[in-house]
Structure formats: structure tokens, C-alpha cells
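When the chains are written out, they are named A, B, C, D, E and F in that same order, and each has its own residue count from 1.
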């Protein structure tokens, strides 16, 4: 398999014929330049899993929106983010890091899902994620609606035990049964607490600004969640990264899972989501809030990014933002992850 | 490499983790069903070239629109058609054939191109196509603007000699130098005649309806091109397939190359192109005209589909039409192609 | 309740304050003119069910797309068609009829559905439709994806016995289990035959042009379905209405149910559907095909219109077409329906 | 009429068949859940006026854009906001209030307007609003372009006398005659001062950032308007609610009318307006500015929201924002309004 | 002024600096090539009126949509068509003519209109058109909604007497007063008959397919209009040009005015109009119908094209179609027009 | 030529027939009002160059995007900004100035460019700009992609010598050769330094937030560029104008050129650009940063605005922002410019 790496020297180009097909005599056109727009679309232009020797960080798509009661479309999130990845740069100047230098990134493809059965889908997601964890891969999952996070947490919990959680979102997602179903995109963290997948008192929800009923507020309070509302973020001005980091400090030393619902971001910057919400952090504030988890890098066991819905997007704003958030996540993961 | 085929039993699914990653115990979700929307987007969901044993038909993208003087965007044609491929079926009821049964289809990735140099791009395309031809692959190339057809014809000519040509288009593309450049999307077939890549008297242009000046008409006449205008097609009513086939009969026995500019199709059905033109064949008439080349199947040495421009598309009409035309092309290619 | 009719003289205006609130002294602005754009959006501007005395024809929405395995959005079909209704005229010059003169039209609202359970939804649809049938209303149901037609047929069957079926569609919808579920938008008419809701040999499918596998063709053949393909329609030229009517002649005297999947119409005229298909009848051909059932008017026991998906629509083409098709359906229903 | 309330237990669902038609045996699907997307679209899902016992707060649409000299489309504002209402929640966590608990909300339908006569339209609006005021309803009117506010003020003035005004807008709207007409969307507050409908020295304009000529500035100065520019708001940082409230303090005890032109909001958050303007408050700042009038709740006699233009909207950002602003207005209105 | 023609050799380029500013030493880039996309947008790239010596054919914009009762936007028709003109070719191969060779084309700018007064606008249009007619210019007017045709007919009548009329439209436009106004986009030809501007028995309406009430049919019958419905056109197949021409033959020798409402064209080809209608002629049929008036070329005294509404357009389909129809109109006008 | 000014009294209306054609008897409609939407679209509604006596400030379009390696579309920037200009006001209340009072503004049309040759285009741009400079015009150029700034700087340098530079952008644009070409939109300022067109130590880059590799940072550091990142701007809060002005203070007394890549602005406010970037200044912050150069007004020798790409725009947000930025630029230019 090492030969695969030689065939694709830059390490993260898939499907450029010149590079793999051998006709590139005289190097008349640089494959490095061509990465800008050539080839099959993968997450951050990473090679497919089977072509990567010793993958350390794996992107995996979960094209499921059957947990949404109103507006679907996040089923196409993985495809939209792959497609938008072509504009992402290789170098992160904010964190002064090149993820491709410190990780063997892989696009692990999509997990199997059933549009007609949340139960079947949950089992498939759990199994699929476990197969990645078994190979020592730190997963960055791309939904799909937020309901996919529950089986992801189940798989993470099976390997790492009860987790601390950093949750970016406009909504608490702690509703109860809807239409008779306990499992849907609005009940994930109620279920996660009940199943003891996460520690309520080590759960921090960031960006909250819309509630469906008072019951949500009561649930998060009684379970010890810490809430940093969208208003709180606004009050931090340009100092979000530091102030949020200070609030997350207490999670250090625990296994931390980070779930990022892109409707956390204000609707003007992220219109292409299932439930766009106004009154939220702009894209700068939103990425700064994510960068706040950098301090926890050594403890992070996985990320997910959910609710990108390309069919509602305009000018690819949301899909591109999603791709950039993946890039930040990969940049945040500590180099010590690399063996 | 045979194992690759076993890993992906249906032969044309890429990047579905359950299928290749081994966690699919008990077959809780069918990979066959999942092909509908899961996985990395490839042309007609074909596996990547390197994963195919003895490929017989290869799709190859050419993301170049530097030969267009007005509206670009066909640079993104390969990506758009790959993405839209997820809705294409596996069975062609019109021709009663399953392309996947008779061919080893492959997505060969994209050829290297330079947005800043037509000359470099032309050389790269020619080399790239030759590398496919050398492996015995019948190429179906996806542009890019129509200027890419010239180097494709050069490579085809190097292998097969001077060619007969079936050319679907709203425009003749026989203009001369523009902005001082002899090479652009409007001069391809003037150059192809001059370079003796094609036989003028074995060239049939179908769908023509817009001329930029009288000189175009004089050129095609003096070089013996046969023209079937858009009006001619309209006069054939629902009998296009037979009547066009009759006109193509005389090409039998010659090596035939088929180039399909998607602006051949009426703008209402194909708005997402560089130069959409009204007054053309609707999608039914357009696909029937393509099916007319079925009678020449044994003689066809290659296809291309050009000018799909996703950034101008609406509701993915054009990209999906493009994907369906690829499916027709693969269906048309004679099973004898398969070794 | 008779007073309600007096308050809204034209019989089909809802939510115009001037009409119901009594301030319209001196008739300074005509409510008749205002129907063009004022008021709450209802199907064909019909009053709500509870405001109609002796309703004879009822429109009812079914906002469910949980039976779709790929692209949702038909959940919003009822809302989109209501909204687009404002442009529909009151007089049908083709059939020389004013539906509002011969029927007491009503907007019956939406049936309850569950996005998480096809089974629950099916039961609710069946119960809901029965409640309308019990009141002597001829239902025109608006989906929702095509999976909703099965419970509609169950309710129709309970009242009318085994039915003849006229089915407009690009697809046969006779697939079997998908993702382990027997019930979805692609299996409706297989199930309807199995449950003996319809007579296979009195089923006519019109507009068929895409098959997923040979098995579909075998099923419809072995069950005696008559198929009028999209190509057949094209061959009829401008004479579709008569020729299709001739083919439907044999259904006379049987209870006929008409189901109209708007993807029957070519994608250029109806882009806003779950599975838009090229190569189909244009809007003129599509409405003429529907008008062919006029000859069966006395036998028709119900209509449905499914798969309008406003989130994929452009320029409201599809929603407005849907509203016009409802108008044709109401026009077709024989005046003898009115008591 | 009380029975109406019983039929629709949650008080604000219209047109769900299960709820009103009686087939909902065994409660297989909850109407509460179904409010999320089922039924005829009304403002905030409120029942229609005639179905409400003792309405206290009434939403009323004014589909008129004949007062705009450049870009129309706000004619469709009422429909767009009704449609977008389906995503609004029932609970306002910022103000800790459920409007449905403290008010009997009603959708009063649309007022009659004439696209060809501002004069006729003005008279109809005035009469229509008076009919609501006569019933003791606090009106929240939804335009339409800003020209509709003049007859609204006339009706309010007839009942409440000369008014204090809080005016959210990017523009002062104090131009004089345009194209020979004294009445249009740019002259409303000049006319309102001249007609002594409002007190110039109790008028506060918030968000101003675009002037057409110096004369506007002179007019507002000489009439004692207080101006809080968009820049002023930016300088308040996250403290807008308090600081604006402080500036409005002096209006307490006077009858206050609040008019909210949605172009007050920055164009990135509200693109779907007649005259979108950059350089304005983002959605958070915009809703905080509105919440500043909470302190005046006991004095507010009416609201309007104007200039939502769905045909220019993207991703429903503006219509949904409009629906949320209605929700804030209803939340702000003091519970003492409820009898 | 003759020098202007020398400065712009091709006769129809406006605002290309190289051509008029003198720096184009050595002709490094051809202005002929540059006409494809450079310069200020004018109708068919024609020079502005004041720069043309002896103009023979003049395009004039009428940016007025105040005669529309439902959906505006045609106010922007002139701008949209100018913009889309850049893609129109210079040579008409169907009629084998180059309009620029036989006419001195001019863009006469826009007529003054008032969005608030149909009456003022009507007077301005009439005066404006007369000023062009006085200079011997054959006008091709671009609306604006169809209400603008009445004052155009008044001006034409003042010069040429009572006119024969060829009217392309989906609607008859013979309604009576609406909202109390006799003048609007739906009453034009009723008024034109009443004012004896046109001969009812020399009026041919083509493409009609939607009526608002039976009264329209009675009016056109009793006034001797000849109707060629959309269905009639469909029955002509590909022979529309000849068959329509045969029907128009009887108008020869009379002064003929041609008015073309772009909603004549099927909504799939022309979605960007005030009142898009399905069931109409596709773009090929629509342009063939227009070409049928070629036989009347010597009698035509003017054209108009109305109802292009760019804000509703998709992919510029309608604006480009409008520009092509202008090109056909200019091509149709007999060379004898040129002095 | 003076008569031209009399014909168009307001000085900045082109192509309104009433104003220039003389039919406007009785002034029934004001040309001043009509400027809002009538006439041929020019930059800020300025007259064309040849119609202006003693032009002092000239807008000139450069429709070239052949220097972009990924997403074109800025070729249409000049047209898009002209079109969007119709909404720009005449009075700048922030700077209390009316540009039309202090300058003779002119729309100089477009420079000739070749889509196939950067070299030819560069020479044409340089020659074209020189011809404007020779007439004493201060140029405000509208691209086109950022590659056009290099020949603009060459022409500016030829007249003014080595320049100080204020550069607004998300990217440094100091990459080296790409695809073998030294000239493209990403290498402009590397080349400008190498060619000694600008002083590295008098170059200030504002808004930087995306780097492609570390080499860019090294280049700007080693050449003495001053960088004000997007983060730095965020930290300035609402005080951007003053703080940036303070940083620019040191450029006073040097000839200053200002180049404004509209991707400087956050993607939510400016989605219609070649390379939209999140995490940037909102429109308020972006215009305030531009206003900071007001203090340098006496030293500014030219402006450009690049990368507006209308084909990627939504709701015209970007084109209108571009037009407003031109308006700010014209407002900033010192009245002493006027002779």
C-alpha cells in the first residue's frame, strides 16, 4: 500500500489522472496546482480510506435526515461538504499548522443508513464508527441531521466510557418524544444523558438561542449542563476564543467529544441548514468559539459536524463553511495523535 | 486487485464504508439500496480506475473552460455530472441493456489542465487520453468547454487515423481566430479539418441553429459537412431516432467519434451551459437523436460530452441530463467492447 | 352556517377582512378583484371545510415525504400548491366550465402525518380520507410523496370496492422492499395489487419512461397493466387527448381512481419534484393526457396529485402547474356530483 | 363559538383535518407535534379571526406595494410571513413568555387594497383597521410597502389621538412629493407630521443609514425627531437593548405606535426587502433594538412590520425573520392586554 | 456626428474605451471580438440614439409595471433585455440577413414613466413615441407590462390611422375595469377597440390559452377578432410559420402593428414574466409564429415586446429570449425601411 | 459638447428619452425622479465619457477573469455594478458630500481585454488607463479579477512613480507562479514589488484572513508590508475608521493607490465574488475601513474595485455593495480634484 502514497505524492489528491496514470512526462502541469479544482471530491481532498497507510484522522459521512420532523436535506450534507472542500487551503495560519503534515487524513466514505428506519440506521452508524475506532482513527463525522450523534456517542462511549461534551448549537436538543418516537434530531442529548453516554455536569452547550418550551430549560438545569447562550457570546466581543476556552478549562483531563450543529452559526452565514436561526454568532465568532476547544486538543476523542443541508444553501456559503470547520477540527487535533 | 471487485460486489459503488470496511454484519442495510445516495460521487457511480480490473469503458473529466470567450463555468462540469449521477438508474429500458453487465466501467478521474494556457492544456489532454487508449479503454470524456475536443481528436487520430464525426450542437464551431487565438471553443472543427483529424465529408452536425456570420455556413459547405438543423429535427416529429439513423448510415464501417455539446439541447431543458440556446430539441428529441448513433455502435471509438456548466444550472436539470446522456453513451457502446 | 356563504359571496375567498369584517361600505374595492392576491392561501382559493355547506369536492393536503428514499421536499407540497393557487382563474375555457358553479369546493386542511412512522401515517391517512368519504365528499388529495396513495386506495377501496386505476407517472412504482421496508414511494402499486385494492387488468399507466430494473416490467406485464409510455404520447402529437381517451374507454362503468405523480411531466416544466425526469410530456401534452379522463368523469371516485416539492422548484413553475392540474381535476368531475 | 376553541385545543392550529374533523381516534398522531408543518398557513399559526372568541391581538395583512417607486414585491409580504410562520416556536425564552398563554391571537386575514389607486387603498386600510380597533383588538399589521403606515396611523390617531412613534428603518422616509404624488413609501412620516398624526418631538427613528438628500436631515431636525443611527447602534455593542430602552424612556405614558421596516436590518440578514441596505444592524442587534420597546409595553397601541418582499428573498431568511419579529411583538405586548 | 460612426466601425458598440478613446495602437485586441461582452449594455448592442446618424429602427424601453394587478417586475424588463443582448449574434441565418447591414439601429433609452400614475405614464409614452415617429424611426418598444401598449397604439394611430393588429399572448387582454380602473394590463385591447385605434376584424390573437371569464370570449367574438389558440399552434406541428402566415395573409396592405407579450411562450422557456402560463408554444414554436409576420414586413409600422420580468427569471432564459425576439423583429423589418 | 450638459441637467442621467429627446412638454414627469430606474445602466448613473466636459473622475470597467485559476465570473463585474448602481443615492450623509457636486464623473466604458491572453490584456489595460490619466482623470477601475491590478499599477507608476498602497483583501495575493504563469490573481503584489511599482514598506494590507502557505507570510514580512488582519479589525469594534486611519497616517504625502478586493468583505455580505471568505468584516466594518482612507484623500491617485462576480451573487447583495463602495470612493476623492 506504500506505493499508493508514492503515486499520490502530495498525499491528499484523489482521482487526478496525471498523478496516478503516469502520463505526466516533463511535469507540464503541476499536480499541486491542480488540487485546486481537479479530481473526485473528497473531504478536504483527502485520499479514500483504503488508499491511506496508517490513517490517524478519518472523515466519515452519514447521509441521513430521517430524524428531522420538518425540513430535510441534511441527507446531502456529506456530498455538499466534499464538493465545497476544493476551496479549502492546506495551511491554517491562525493555528500555524498544516493538518496534512501532522496527520494521515482519510475520507472513509459514507456509513450505510436507511431512510425508513431510525433504528436500523442507529445500529449501522454505531457499528460503522466502531470499525473506525478499532483501527485507531479519530473520527470526524459529517451528518446528516443531529439525530446521528446519539449512535456516534454510543460507539464513542463503548470505547472511551462516559464522555464530557462540548455542544455548539442554536437549540438544546433535549426535547422528549415527538410523534411517538423517542429518537429524533431534537431529543439527542436527553437520550444521551439517560443512557449515561455523557456527563450532564461536564456538558457545555454553546450558542443556544431558541427554545421550544420551558421544559428544555428545566432539563438542562436539572442535569447540570452549562449554557453559554448566543447573547453571552455577543457580550464577549472579539475575545470569544479566550473566554470560551476559560469556561471549558474544567473539562481538561476528561475524554471530550465535540458536536457542532452548523445552525449554531447565524443564518446569514449559514442559510443552508435544516433549521436556520437568526440572532446567532457570525462566522468569525463561530469559528473562534470552535477554536476555543484547542486547549482541550489532547482530550478530544472525536468531532461531528451536522445539519449542513446543501439543498437550502445559497452561493455554497454553508457547505464551504462546513468544509472550513472540518479543516479547523483537523487542525485542532493534537499532533501527538500522529504515530 | 480481483479482491477489489469482491469488496464492491455491485461493481460501481465507491466510498460506502459498510461495503468496504467490513462492519456490515447481518446485512442490516443493503448496499444495493444504499447506492442511491451514499458514497463518494463518481461518474455513474463507477469505481475509480485503479480499483477496476480490465476496464473497458472509462469516464474522464476535463475541468477546463479557458477556451470560452464569454461565459465560463464548464470547468465544474465533471464535478456537477458526478454529483448528479446518483439519480441515474442501472437499467436502460429503451435499449434493454444494463451497461454494468456488459462493461467494466471506470471513473478515470480528471485530466490535468491549466487555466492559464490552452497550449499546455491541449498537450496534457492529448497525453492523458492516449494513456487511456493505450490500456484499451473506450473513453467517454466530460468537459469542460468544447475547446477540449481538439486534443481529444488528436489522440483519437493518433490511434485510429482520420475519423468520421457525429457532432451534436447548436453551433457549428467552425469560426476562425478569436482575440488572436486560433484555439478556442468556437473553432474546434475548423482546426480538426485543417489538421486532417476528421473527414469533412464524413462529418454530420446535428441541431445547428445559431450562426455568428455567413462564413461559418460557407466553411461547412465547402468542406462537405452534412448539417441536420434543429428545424430539421423538429420536422421529424417523434421519429427522430430512425430518421437521423438513416442519415448516419453512410458512416458505417468508418471509425466514428461522437461529440455532444449539451447546448444542442433546448435551453429550457439544459439551462446550465455556457451558451444556452432556445429553439432547440427538447430532452426527448435530444436523447432520441443520440440513440440514433446506436446503429454505429460497432464503429464508435469514443464519446465526449461538453459544456455542462453547473454554476448556471437550475434544479440540477442540466447536470442530471448530462449524467443520463453518459448513461445512454455507455448503453450504446456495443457489448463486443467487453473482452 | 348558511350565513357563511352569504358573507363570502363568491364562495371561494378566505381571509379577506373586507368581506368578513363588514367595513366594506360603499364597495370601494371589489372583493372579486381582490381574490387575485388577498387572503389566506387555500387550494384554489376554496373556503375551509367547516365554512362550507354541503361540500361536494374536497381538497386535502398530506404533508408527508417519509416514504422517499432519496430526495424529500414533497412534505411541503400542500403549502406550495395552496400558495400558487392565487394565480388560477375561475373559468376553464377548454372544458367550458366553472368548477365553482357546479361544486361546493372545500379546502379540508391537512391530514395528520408522522415524519417518523410510515405505519402511523398510513393509518391516519386512511382514517382521515374515510371521514371525508363518509360526508359524501369526492376527495382530491395533494401529497406528499407517492407513498401516500396506498392508504388513500385503502380508504377508497373500503367504500367503493376494487378499483380501476389511471396512473400518470414517469415511473411504474412497482418495486419491492427497499431498505427492508415494503412501504415506500416506489412500491405503491405492487402493494395495491397484492392487497387487491386495484384491478391489475384495469390499471393504465401513462408516461412511463424510467425503470430501475427489468423486474418492474415483468411485474406490470404479468399483472395485466396497460402501459402508455412517454414515447407513445410523443407519437400521438397534438392528438393526445383523444387517443388516450380511446385507450381508457374500456374502464367505463368501473369505479376509477386517478393518481397523478407530477414527475409524469417533463422536468423542464416541472423541476420542483422529488425525482424530476427528462424525456417526458411537456405541460401541454401533460394536461391533455389528464383531460382524456374527462370521458370517465361519471366513474371517477377520487384524484390525487403527488410529489410537488416546492423546495426544488424554480419560478414556482411546478407549484403553479400543480394548482392548474387541481383546477382541471375539479373541472373534470361531473356536475352530477353536485347535489 | 366556544366550541371552536375546544376543537382546536392548542388554540392556534388551523386546517388540520384530524383536529377538526373528528377522525383522530386513539390520538395516533399528536396535533401538538403536527403544528410544526401541517395546516393552512396563518400568521404565527393563529386561528382565523372568525374562529376566535374575544380576540385581543390581531395580525392583519396588507398586500400592497403600489407606493414603491422602484422595486415591488412587498405585495406578497403577508403570504410570505404566514408561510414562514410554521418554524416559529411557541415559547419566547428571552422574555420568558408564551404569547398564546396571555393573548387570544387571531389572523384577521388581509385588508382589501387596489394596486391601481393609493387613495382607494388608503381609505380601505383606514376603515379596515378601525373595524379591528372597534373590537378592542391591538393590531399588528404586516405590509406591504411602508406607504401603508400612513392610513394605519390615521386610524390609530382617530382612536388614540396624536401618537408617539418608534420607527425602525434604514431610511427616514420624510421625502416630499415623488412623480407628482404626495403619498408613497418615502414620504410617510413627513405626511404624518403634517397631518398631526404623530408628535415630531416624540418620534424616535432607529437604524437610519441612507439619505437621498440633505433635505431629509433638515426635516427631521426641524421637527424634533430623535435619530439613533445604525452607527450609534454599532457603538452600543451587545448592550443595545438597554441603551435604546434608555433613549425611549421619555415616551412612557404616551400612546406609542411602533413601525418596523425590515430594511432596518442589514441586507445580509434581510435580503428579501424592497430596498435592502448594507451597513445595518445584524439580526441579533435588530431584535435587541425591538426588545428595547418592551419597557413601553403598557403604552403600545399597535405595531406594523413592512417591506418583507418574498420574491427577493433567499433561503426564506427575511420571511422567517419577519415571522420571528411578529413573535417578538406579540411577546412584548403586555399581558394586561388580555381581558 | 458622422465621425461617431467612424469611431465605432461596426456601428453597434457602445462604451468600449479602446474603440472610442484612441489607445488601440497596433490593434492588439479586436473590437469586433470585444463586442461579445465589453461595454455599456444597450439593446442588441446598438449605439445610443444621439450617436446615430439617420436612425431607421429604434429600440425604446418603457420601465413601467404599474398596470399589473398581481406580479410586477416588468419594470426591469428594459434593463434585463439590454443586459442579455450581449449574447445575441449579428447574423440571422434563418432569414439570411444582418439587421445591422440594412438598418441604422439605435437604442433610444427609456421613456419617462410614473410608478404612481397610469394616466401620466400614458401621456408620456404617447408623447415619447410620437417624438420617435416624427424622426421617421420605426419603433420597437420594450415594456413594461402590457398596459403600455395602449398609449403606443394611440401614438401609432395618430400617425398611421386605425391599425391592423397581430397580437401574441396567452391571454386576450380584453377584460374590463379592474379595481375601478379602466386602464390596466388586462384591458388593453378592449380599450383599443373602443378608442378605434385598431380594427377588430383585422386583429389576430395568437397563442391564447387562459381566460378569466366567458365575457372575454364574447368580446373578441362580437368584435371580429381572429383567434389562433395555443392548441391550434400545437396542431400545426413544425409548420407553424407557413400556416400562421397564411392566416395573416389577409392583413396585407393594411398598416400592421405587432405586439408580443412574452407570456405567449410556454413558462418552461419563459419563466421570467409577470404571468407565466403553461400549455403554450415552446421557444421554437414561438419564434416561428413571430417569423410568420415576415410576409407582412412591408406593412409593419411598429413592434413591441412586453412583460419580460427579470426578477422572476431563471438562468436569464427569458431576458435572452426577449433579446432574440428583438433580433428577429429587427431582421423582419424590410430593408426598404432603410433610406 | 457643452450642450450635452444642458440636455441632461442633473449631469448624470444617460438614455432617458424625455430628457434628451425634447418631448417632455409641461414636465409631466420629473427626470430627477426617473433617475431611480430609467435609462441605460452606467456606473453610478454617470454619463458616458464622450458626453462629459472636463471629466475629473472616471469609472472604467475591465471585464477580465482570465487570471483566475478556480472560479471565474468577475468578467461580468462591470455590468453587474453598473446595473446595481440604480439604487445608489446621490448624497453621502456619512461624509456630508454629493460627489456629483464636486466632480465631473464619467463612465469611461470598458477596456478591451482578451479572454485568451493575460499578456495582451495587460498591455491593453496599461494603454487604456494611460489614456485616461493623460486626460487628467482620476481612475476608479472596476474588475475583473485581481490580476488586472498589476497593469493598472504599471500605468499609475508610469505617471506617478513608485506608489504607496492600501490593499483591502482576504488574501495577501503574493503567491508565485501558478500553472507555470507568473501572472494571475494570486501573485499581483509579489510582482508589483519585484517590478518596483509599489513600496513594500508603504504597503498596508487590510482584512487578511486566509493563507495558502507559509511562504506568503514570509514574503510580506521580508518586504515590509504592514498587515491589519480581519481579527485586528474585529478587535477595533465600532472604532475601525479611526484606528485604521491612524495606521495609515504614515502614508500621507506619498502617492497612494487603493485597491479593494471585494472578498475583503465577509461572505455573508458579499457572496458574489470569485473566492468568498467567511470570518471577515461585515459590510459596516468594511465600509468604515474604506472610509479610513479619507484622511489620505489628497494623496490618492486612483482606486480599483475587483472580484465582483454577479453570476455567484444572491439578491444582488454584492453588486449593490460594489456600487456603494464606488460611491464612497468618489465621495472620498478630495474636491480639490475638481478644476
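Just so it is clear, contacts are C-beta pairs under 8 Å (C-beta built on N, C-alpha and C of every residue); 3 or more make two chains touch, one makes a residue touch a chain.
Small disclaimer: the values here were computed from a predicted structure and weren't measured.
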Problem set entry | Co-neighbours of subunit E and subunit C - touch as defined | B, D
For this session: Could you check if the interface between copies subunit A and subunit D is built from the same residues on both sides, meaning over half shared, or from different ones?
Result: different
Problem set entry | Between subunit E and subunit A, distance of the C-alpha-averaged centres to the nearest whole Å | 54
For this session: Take the average of all CA coordinates in subunit A, do the same for subunit C, and state the distance between these two points in whole angstrom.
Result: 41
For this session: Please compute the C-alpha centroid of subunit C, do the same for subunit D, then give the distance between them in whole Å.
Result: 36
Exercise. What positions in subunit F touch 2 or more of the other chains?
Worked result: 28-29, 33, 37, 69-70, 75, 86, 114, 120, 178-180, 237, 266, 268, 282, 312, 314
Exercise. Should the pattern of chain-chain touching be classed as line, ring, star, complete or other?
Worked result: other
Seminar exercise, completed: Touching pairs here come out as A-B, A-C, A-D, A-F, B-C, B-E, B-F, C-D, C-E, D-E, D-F, E-F
Exercise. Once bound in the complex, which stretches of subunit D touch subunit A?
Worked result: 28-30, 33, 36-37, 86-87, 89-91, 93, 237-238, 266, 268-269, 282-284, 287, 314-315, 317, 320-321, 324
Exercise. If you look only at subunit B, which of its residues touch subunit F in the complex?
Worked result: 65-73, 75, 114-118, 120, 178-181, 183-184, 311-312
Seminar exercise, completed: Per the touch rule above, subunit E residues touching subunit C in the complex are 69-70, 178-180, 210-214, 217, 230-231, 234-235, 237, 266-268, 271-272, 275-276, 278-280, 282, 312-314
Exercise. In their complex, what parts of subunit C are in touch with subunit D?
Worked result: 14-25, 28-29, 31, 33-34, 37-42, 48-50, 60-61, 63, 75-76, 79, 82-83, 86, 107-114, 120-121, 123-124, 127-128, 130-132
